[in-house]
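Next up: some structures, all given as structure tokens.
In what follows, chain A forms one complex with chain B and a second complex with chain C.
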Partner chain A sequence: MKKRSILFALPAFLIYTALMVIPMLIVFFFSVTNYNGMTSNFRFVGIKNFIELITDDRFINASKMTFIITLVVVIVVNILGLILAILLDKAKSFTNLFRSIFFIPVLMSSVAISFAWNALLSYTGVINTVISQFGFEPHDFFGVKSNAIACIIIVEIWRNLGFYMVIYLAHLQTVPKDLYEACTIDGGNTWDKFTNVTIPMIVPGITICTLLSVMNGLKLFDTPMILTGGGPGFDTETIVLTVFKRAFGSNEIGYGSAMSLMLFVTIVAISMIQLRISKKAEVEN
Partner chain B sequence: MKRVISLCVALSLMGSVLAACGSQETAADTSASTGTTVAAASGSAETNAKKVNIKMEGITSPTYTAQFWDEYKKTIEKDNPDVTIEMVLAPGTDRMVWIKSKYAAGDAPDIITADSETFSNVEGAYAEVPADLLENVQDTAISRVNGKVIVMPASLQIKSQAYYNKKMFADAGITEVPKTWDEFIQACDKLKAKNFAPLIGCKEAWFEAFGYATAVLQPDVIDAKPNFLSDLKEGKEKWNNPVMSDSLKRFQELTRKGYWYKGSTSFSYTQAVDEFFKGTAAIILNGSWMAPQIDGLEQKPDFEIGIFPIPQTTGVKSIGATTGTWAVLASSKAVDQAWKVVKYCIVDNQELYKKYLQNDNLLSVTKTPVTYESTPTVALFNKNIEGLQPVMDFPGLAGDNALPAGFGDFYNTSIQSISRGTDVSKVLDDMDKEYQKLTSK
Partner chain C sequence: MRAKLRLQGILSGAVITILAILFVVPIYITLIGAFKTDEAIIRTPLMLPVPGTLENIKYVLTDPSANILRMYANTIIIVIFALLTTVAVSSMAAFYTSRNKTKAANFLYVYFIFGLMIPYQMAFIGVVQILKKAQLVGTFPGVILVFISGNIMFSVFMYHGFIKSIPQELEEAASIDGAGEFRIFWQIIMPLVKPCTTTTGIFVGLGIWNDFFTPLIVLGGGKKATVTTGIYTSIGMFTSRWGYVFAYVLFASLPIIIAYIFAQKNIISGLTAGAVKG
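Let's turn to the complex of A and B:
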């Protein structure tokens, strides 16, 4: 039986190892070299790439951008996702319909979404056309740093909200109704039910959603790549976009690998801290 | 039943993953946006008993279309029955990333016809150009890396002039095209006073930097420091120098004074050109390739388009240019045949060479000049550059003075960030740091 289980899992394990584990190990290896991706005569440089990272203004700026965008998106998608899930939970016969509507962006290609939003937010796009009809000046969404960051945040929220809403909805539907009844009997109002019943019972859902939203935020690439290209200048470059440009634009595979490794370690560290905090808050059902 | 369905789904998923893992190039229709092959056969320069298969890169643009390259390759094959040409069309954007990925995967075309400076600093990437082939081109077009010639000059491209809307100029009371930078600013002021957007750009860093950098910034630097790039390489010069700083501050003035059309930052390059044709702005700083594009438009704009050289501070003295070069990969299995094809395209078949040049309004670099009948806008563009000294575009240089790989993008993005208001001195310091970093690797 055990042998059969191992055999059954073997193809997936092999594919996972070939497509995930081995490339990761290769990246770890290249991060301590000066490999340029084109010639085979590279050399070991120790931690030189990592030391350079610390003083690289472009990487520091990209890190700031990534963290700002991640922080805002995480807060908004989780709060808004929970609110929408609560509303949908009460929608009864319309729950499935609205859940499907909100989930549609999750199913769409992020590249297609970015192009569509690019067309909407363009100076001559739909939004500015509507604004002009009301007598207002069209807005330059991409030319100013703050506007460009806001656009990226809005697109990311729009794209991901449905996913987290669905997770929260699923967790809400597992909360036993008798707990709410007990709270009512004890004289609790709506807010009491929310804070003393709903939140403690959906902590696993909150854990998953915050963890996933933080990880997705830190790995952000598609949306800034297509909406702004990292511009204006270097203003909206995220970490992964910088890795891409460094590794493939400047032929710095080694340096780009070092950046990727730093990002990986950061994501693992943040995830472990999050999980530790969430574990304490989880309530046995 | 459920088990059967689950098994079928699992098998088809497995099959699709395995199918995606190894894709071979097969005969397919061309697609300009992703870079695909025009003809059949996979692999690089395979030999069979009679014919040698050679992969040749072709760029894609409004003038270099898939149809153009299809006819191009047929012409080569007709006169060279011992070769089969497989055109590999580069994507319209991110061409350098595409070619680098191809190179890293061992799948780069045998003949590289665009951005060959990408690998000119990579030791052993290119085969040396045969001496007898070099005898056919002008000596001034030849560049050397460590004494060797590894890229074949193929064309001279004049980089940028100002294409302008004659009607807007007339309405703004501008009777003569500007011949100095001050006159250029005055013209922009007059246009702005009439509520016309003087200039249009786009969000792509290469284009935002390109017009001013090739026509004004680089000539300013080379006029004052003729050996700037070699001195830079030797550590005797820096990017942060007074000439560059002053020139870039003048460039920044264009944004401070609100000359750029406000929506420029939303547009791709193609959209920016379309908006110019719609009359959105008065001037677009663009390259020689736009002239044949204008003459080839099916639906002409409802205004006449004029062209003038973008003036430097003291007048119109220089014009930005790039020597287009072709190269043959050293790893090609048919280096000699590939060079034979290159010779055929540039030297032997003058008609074919003419067509290649005419498409983008390029100039020949052969000792026997190849000229073509110019369409009206092309003729006007070329007339303007008569007597002007060409100054080579920094990112496009091959040879010993070539910029390190990847610095070209950094250079363009840095100039873009200056345009958006970043402190000039800080940006130039960053350019020095980045240059040092890339050259030390």
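Let's turn to the complex of A and C:
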């Protein structure tokens, strides 16, 4: 077989290198400088940015926020997504209709979704007006930190649930029926079937879903940006939102690069650990 | 046994129906809210819009500062150019990496795939520096190039796997008949990888249509706003005009929902591509 010309790979290589690889290297480079985007007169500051990071309350809060939101969303969308997929698999009627209903938010842009929820949750919005008609006090959903976090989490769950449900459903449908029958013959009940057949058979699905949901959580930007704008104060800023505001809003390019790098290292480390754990789980089965 | 299975089916159906109704309420309120007055939206959010109003729709269609038709046009231009180029360059690159067993081909494949690990948003500080140097900030070519670079790794990954599964006999026969490499690629490989082009195209295209971060940073608002950045800046101007908000949300989502109705299977498999075959 004749070899294929390397010219085929050239356009992709050039675009990808210029706008993905080199930008990454630029971020590495800026992270050890005090560049502010304006003057070309910047200097090497070593690890000063990183030392500042670990004592920066705003960054620490953003990291905490990102981890809390990610943790809750990952747990809920995976467990609820799997439960919904099982119910849908069992119900066997109107599968298409139900799947479509849960899938609609996956199709919509996070901007549209966040604005729709904003109209529902705002102080003068739908939910507050309705509950005040019943004589309850209106809640300031976005003005109090814990409420605002809860709102972001709810919207993120609502937005992502259908996606994971569909993936779990696809994996459930690959489980051979005779395995369930064999389990029944061995005297297993519904719970035994779930733990001894379903779960082991869908480990690849669990791996990919947790991996994707963790990655998406750590990169969260759109929903907090539109729903709360990071407020009240800086309370509900996620890491990417903080980087965005500081690197592009207040031109702290060097410092923003250092924050980006921390996020990058975290994401790579977490996905490595996750892949290792799930490899183990797959081998054991 | 069979009776038990049926009971399980009915119970599951009941539970999922209740959950689906809860889930669909926000969509329902949005949809009908686009045709109601602000007062009716907050007082009776679940009531059907009788009598309805077209005032919100009219506003969104005619608002001079944020014309939804212009946002559509901008977004469609960006999606088409970015999508076509992404598909072309990625499938070509995958043709090279999957058909050669050399060290160079292997290295290039890993080089492309490595990008899947990079959170797209974190390279943006660098991306903006490059665009500034090339004077592409605030331009369509700039945002299109960024979208291409952001989608190459996933697309190469998809095409690489797909092309590998195609037997090489056809290409050999064609090359005996005197067809050049480029012709073999466009006339033999591209038709064969159509299913892969559909899934990849849907994933990439929908991702670009819905993307907010990229156009926000590269294009900003104004005349070049896309659907997402456009509604972001225009909704930002009024706080409690929920009718307008819902109308904008409706217009932003409508094209995709319509596409979904016509190509449901393809869209679901496109969006979950890579996650299902695992």
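Quick note on the criterion: the second predicted complex is superposed on the first by the 262 of 285 C-alpha atoms of A that agree within 3 Å, B and C clash if a C-alpha of one lies under 4 Å from a C-alpha of the other, contacts with A are read in each partner's own complex, and residues count from 1 in each chain.
To be clear about the criterion, a residue touches a chain if its C-beta (ideal position, glycine included) is under 8 Å from a C-beta of that chain, and two chains touch if they have at least 3 such contacts.
Note that the structure is predicted; figures quoted are calculated from it, not measured.
More residues of chain A lie in contact with C than with the other chain of the pair chain B and chain C. In the superposition on chain A, A:Phe248 makes contact with both chain B and chain C.
Touch criterion met: A:Ala9 reaches chain C, while chain B stays clear of it.
Shared-chain residue A:Thr124: touches chain B and chain C both. In the superposition on chain A, A:Arg159 makes contact with neither chain B nor chain C. Once chain A of one complex is fitted onto chain A of the other, the partner contacts of A:Lys193 are absent, as it touches neither chain B nor chain C.
Touching of chain A by both chain B and chain C, each in its own complex, is seen for residues 11, 15, 118, 122, 124-125, 248.
Against chain A, the residues of chain C that register as touching in their complex are 8-9, 12-13, 15-17, 19-20, 23-24, 26-27, 29-30, 33, 41-43, 45, 88-90, 92-93, 95-97, 99-100, 102, 104, 108, 111-112, 115, 117-130, 145-146, 148-150, 152-153, 156, 168, 172, 175, 181, 185, 206, 209-213, 217, 227-228, 231-232, 235, 239-240, 242, 245-246, 248-249, 252-253, 256-257, 260, 264, 267-268, 271-272, 275-276, 278. Against chain A, in their complex, chain B makes its touches with residues 14, 17, 96-97, 100-101, 103-104, 119, 122-125, 203-205, 262-267, 271, 275, 404-407, 409-410, 413-414, 416-418, 420, 422, 430, 433, 437-438, 441.
Residues 1-6, 8-9, 11-13, 15-16, 18-27, 30, 84, 86-88, 90-94, 96, 98-113, 115-120, 122, 124-126, 129-130, 133, 158, 161, 163, 166-167, 170-171, 204-205, 207-209, 212, 215, 218-219, 221-222, 225-226, 240, 243-244, 247-248, 253, 256-257, 260-261, 263-264, 267-268, 271 of chain A are the ones touching chain C in the complex. On the side of chain A, the complex with chain B involves touching residues 11, 15, 34, 36-39, 41, 52, 57-58, 118, 121-125, 128, 138, 140-143, 145, 228-235, 245-246, 248-252.
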